[in-house]
Amino acid sequence: MSGLIQVVINGLMIGGVYALLAVGLTMIFGVMKIINFAQCEYLMLGMYLTYCLYNLFHMDASNNPYIFIIPVAVIMLIFGIVIYQIFIRPIVGRDMVSYILLTMGLSYVLQNAAQIIWTANPQSIDTAIKSKSLYFAGLDLSVPLAKLVAFVLAVAFVLMVSAFLKNTDMGRAMRATSEDAQIAALLGINTKQSYLLAFGLGSLFAGVAGVLLSPIYTVYPRIGTLFSTTIFAVVILGGLGSVAGALFGGLLIGIVENLVGTYLALDLAPVGVFVLFIFVMLLKPNGLFGVGGRKA
Amino acid sequence: MGAVLKIKDLDISFGGVHAVDHLSFEVERGEILGLIGPNGSGKSTTVNIISGLYTQDGGEIVLDGTDLNKKDIADRVHLGIGRTFQSPKPFLSLTVYESVYISALLHNRSKQVAKEETERVLEFMGFSKLAWTSSSKLPVEKRKWLDMARLLPARPKVIMLDECLAGLNPAEMNESLELVQKINSEGVTIVFIEHVMAAVTKICNRVVVLNEGKRLSEGPPAEVMRQEKVIKAYLGKGYGDA
Amino acid sequence: MIKLKSKSTVIVLVLLVLFFLFPLMSKQLFGNTGNYMLLIAFNIIMYTAMGSTWNIIGGFGRQISWSHAAFFAIGAYSAMIPLVRWNISPIVGILAGMVVAMAAAFLIGFPAFRLKGVFFSLCTLACGQIVYRLLLHFTGFTGGASGLVMKKINSDRALMLLFKNNNVYYYMMLLLAVLVVAVCIIIEKSRLGYYLKAIREDEVAAESLGMRPNQVKLCAFMISAVLMAVIGAIYALRFKYLDPESVASHDLAIRIGMTVIVGGIGTVWGPLIGAIITVPLLELTNAYFGNMLNGGLSQLLYGLILIIMVIFMPDGVISIKSLWQNHKVKGGL
Amino acid sequence: MRKKSMGKIMALVLVVSLLAAGCGSGGNTAQPTNGGTTEKANSEASSEAADTTAVSVVKIGFLNPASGNDAESGMLDTEGARLAVKHINDSGGIKALGGARIELIEADTTSDAKQAPSVAERLITSNSDLSAIVGTGFSGLTLSILPITEQYEIPMVTNSSSDDIVAQGYEYIFKVAPLSSDFGKLQVEFIQNLNEQYGLDLHKVGVVYVNNSYGINTAAGVKSMAEAAGLEVVVDQSFPAGFTDASALVTTLKNAGAEVIFPIAYTNEAKLIYDTMKSMNYNPLIIAGGGGFLWPSLGNALGDNINGTISAASWNWDSKNILDNPELVKVYESFEAEYGHYMTEHGGPNYLAVWAVKEAIEKCSSTDPKAIREALASLTEEDSVYLKIMQPGTLGFNESGWNDGTKPVLIQWQDNKPRTIYPLDMASSELILPDSLK
């Protein structure tokens, strides 16, 4: 029994990580109706930023990287905006195909820029938290601390974002844009601005995720590719542009992955995820928290 | 004569909204029936149900004695239901000819026949000169006519025209109305969704007035439009029209 | 009109002849690097073929599919496994592969086509991943990640489709590519082609004319899958080594689509142009910049060039024509 | 008319690109940022025949991934080869050819077996005076290149491990590294010794390996050996390369009660596994199957946590045969000076590979690939001290082209460096028994 509980806990923890990554993607996705294939490269950059800052301040095992959340977030926000202005803006309003090709190219560029700067060798930060955990001897359960932090902050973020979307003018503008860009424009909403914002925030979240994941993973130029396909599944599973959906989807996929991985075969864990994904698509094409707008 | 299309007790609601509320009416063969009513009275919803885009919660649709309930959109087209959309839906990158040809292909085994059919329809709809123009180059009224033209190769029994006058100037309206009558004169029954009353009174033999998803009244346009409740329904909704 | 048409056909024929004679000319043209040029030409032809098959569903019907690497892999493995494991002629394997690919296309397409646009794309991405993982997992059969390798060929065995001279495979692929392009030309002017175009433009309108879009799409999807399988088989025979990473990974799936999009999606000649550009581009960046700056430079440039292309040639290189020619619509059917 | 213009474009693009690729095929004008030179365009070189007497430069091709997933270990391979070239040229080049210098012509195979063949073909055809090739470190890439080296009859010396490489009947391939399946024998043997020596009863073992060519082959070896030795394999689990979560894996191992695990993984996966084990305070004896467990980057990633870890290695820098030999000691010292980390399992064999080619050329005093192939086949460690660098200090290729004398060793991470601990005649330091076993 405790075995099963442990598996579910493991699933929840990694699920939190997925959710954290998915929030940024789903935001861009919801507002602009495009998949940003470069999203996970933002994560990679966030991790490298953390790595650099960590070494810049000569931190060692006794520290942990979480103090860098704010600076990294700010830098990544600016980065996201710059990227949007340079690459995305010229093609706003084009069909899906252009976005796919462009963001693909972007991910190539970022990956290899990183390889040029930091080489292909995995780097990692020296912090004690990476292998700490809450251990319940009685139940023989353990919860890895770094992941727990990531999980909690992921949830916190999701709440903050939904609050932002509900209660601020910017947020409302973005929601309106995601409902129907044309009508929003008619209502005098500056959709271009919403796009810009969505893209900036998307990269900001990826950056924060980068900070939170830096104790758990080593960082190397292609680390993003580990997550990309799963994250797409999470976003669609949760429902177009639904932030809560991203959280739920992330957790669900995390659990399925661990159940299949533990009781069937690790190699097949991704298969389990994608099969689940396809089933949900068929039963609930709008995703679990979907709000229509399926005809993309 | 007799009814070509029978709508019995049709009912659908979205969430809380009871869009169509136990609606029943019949369409006589060869007539032009005006389906009118203020915005949100359920006209378009009714059309969407009849054409198979939505599935009703309850009620029957019978075309020439065949029950359409179990039929999908394509089946209904083949059985003789045609419809246009409020905003025209041209195949932008295709020419006028190709747009009609596609429809012709769908309803003719032989390509040769399909081509002849296409020629005929273009001729009939006055598109012959524009045949090789790209749909994307057409002005809005012509796009609406192209939508109608595309329906003809299916040899429909009933065509439902959803606000085919919206956004047109008087001259274009008249042209459109002539086209509609021309199609009707070929023996095609027309269901004419509109709220430009002048047009309706001009070409419709009969109108059915909807309000809040219910049938409010029915009869020859002239007398229906005099009825207290009908006027109220419109004025109530802030429509004093034509 | 007629004159122009014939003119363009002449150009295409010239190209065809060029490709046909290339194995004979390459040595004279490029000296020692002739064989390498031949390999590039082979890749151009292969990606033209792959792109064209993808184009049937991805271009004409604008259903962007990321599962075509899976069909390629299915074809490749169906030819290789019987040959390596039981010494059965690839001819049998190719036929089997076509059947399997068609079945796979049905299994993938049937659910996937219930989704639209981006969602369809991501669903196919997931399906492609499933095939990739299965190839990795069933090691005993597919060799898993260690891949399948062919023994050294010491003598030609026509029935086994094993030839020492790679030009044989060059011509096989060329023939196949011509065939595929021909199929595309036929489809474009066929019933199926028009239905696909209608779906691309407005699926709801198409359905309201009495079309069953999902049947049309599924049909196109299966045709394209079957052709893709054959291409995969020839690839396997030519290169004599297969592993899931190189034939089933979604990098390949994306590269196939990218080739078409760069050239001009939904056009018969887009894939050819795309292949003629992207294949040498990859070689050039690799040759000039391969080992520079920690090995990052080549791919970086590749990505940058893609981005620039998207921004300045939204409809692919084929759209350059619009620079000196305003959109006239050609007549005749 | 669209067609007309489009036809133009196609014709133009085709010609341009082919010509471009033509010069591109050789071309690299830019100076490399590193030891070797990247591929050079040399039209005159292609015409000049391989002359045995008056050659000033001997060209050795070097194929390894510099981009993509495998770029990291590609780099580790490169270091060894570059150092060898440096040493050879500094010590007066190839005597038999009047002190000809060696030029290492590096090409990036990428990590894609689709791309690798054309890179190899380009390297060979655009350098017609190429004498031999060193590479690659990856079975998949090597296997995809084999038909080409065979076609051009150019010997290739590889340090990739898969048993398939020398099993396809190709004649121009030489494999210096031990078979990955040999690792298992050593690992199992070691456990049995432990049990005797320290009176332990380790019999429940778990084999977990990354699902790639290297992982599968190595794991297959250790499984069969373990079963043969009467050990109980309680977990036999492969995991996808680049998985994001080790908890399922570790949970399985823990629940199965594995006392010893034989992991095969690369840096990121290994880090995940270690951290997760620690977080679930599960401390089995780890006897890894090489790969990432020998890389400096894992040492950095795990810090002190890595100390105590045992791993099989196809080569290690401080085995007896090296420590007892001042010449070879100089080699790894200069390596550390050059690259700032210990000489890796990749560095050593590639260093050897280049020397092997060099000595072969000395033997046949010719730059003709065929002659070099024959010379390689008859090479022994007696031909040069540097050929003694592989454990146990022997070199000699059998008819399949495998250096069958070579044996893997076991290392233990001590003070963040892998030290040879087994077999004892190769050992440079004592095993430090992990606390969990005391």
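Going in written order, the chains are labelled A, B, C and D, and every chain counts its residues from 1.
Following the convention adopted for this analysis, a contact is a pair of C-beta atoms (placed from the backbone, for glycine too) under 8 Å apart; a residue touches a chain by one contact, two chains touch by 3 or more.
Note that the structure is a prediction, hence the values are computed from the model and not measured.
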Looking at A-D and C-D, which pair shares more C-beta contacts?
C-D
Chain A to chain D, mean C-alpha position gap in Å, rounds to 36
Chain A and chain C have mean C-alpha positions lying a whole-number Å distance apart equal to 32
Please work out the Cα centroid separation of chain B and chain D, and write it as a whole number of Å.
73
Residues of chain D touching at least two other chains:
67-68, 71, 74-75, 211, 238, 240
Chain A: positions in contact with at least two other chains
112, 115, 119-120, 221, 265, 267, 270
Per the touch rule above, enumerate the chain pairs that touch, sorted by label.
A-C, A-D, B-C, C-D
Would you pull the chain D residues touching chain C in the complex into a rising list?
1-11, 13-14, 17-18, 20-22, 24-30, 32-34, 38-39, 43, 46, 65-68, 71, 74-75, 106-108, 110, 112-115, 117-119, 121-122, 124-126, 128, 139-140, 143-144, 146-147, 150, 162, 164, 168-170, 211-213, 215-217, 238, 240-241
Once bound in the complex, which stretches of chain C touch chain A?
64, 111-112, 114-119, 121-123, 125-127, 129-130, 133-134, 136-137, 250, 254, 257-258, 261-262, 265, 293-300, 302-307, 309-311, 314
Using the touch rule from the top, collect the residues of chain C that touch chain B in their complex.
191, 194-195, 197-198, 200-202, 204-212, 327, 329, 331, 333
Write out the stretch or stretches of chain B touching chain C in their complex.
51, 53, 72-74, 77-78, 82-83, 85, 89-95, 97-98, 101-103, 105-107, 111, 115, 132-134, 147, 150-151, 154
Interfacial residue positions of chain A with respect to chain D in the complex:
3, 6-7, 10, 13-14, 17, 61, 112, 115, 119-124, 126, 130-133, 135, 142, 144-146, 216-218, 220-223, 225-227, 230, 254, 257-258, 261-262, 265-267, 269-270
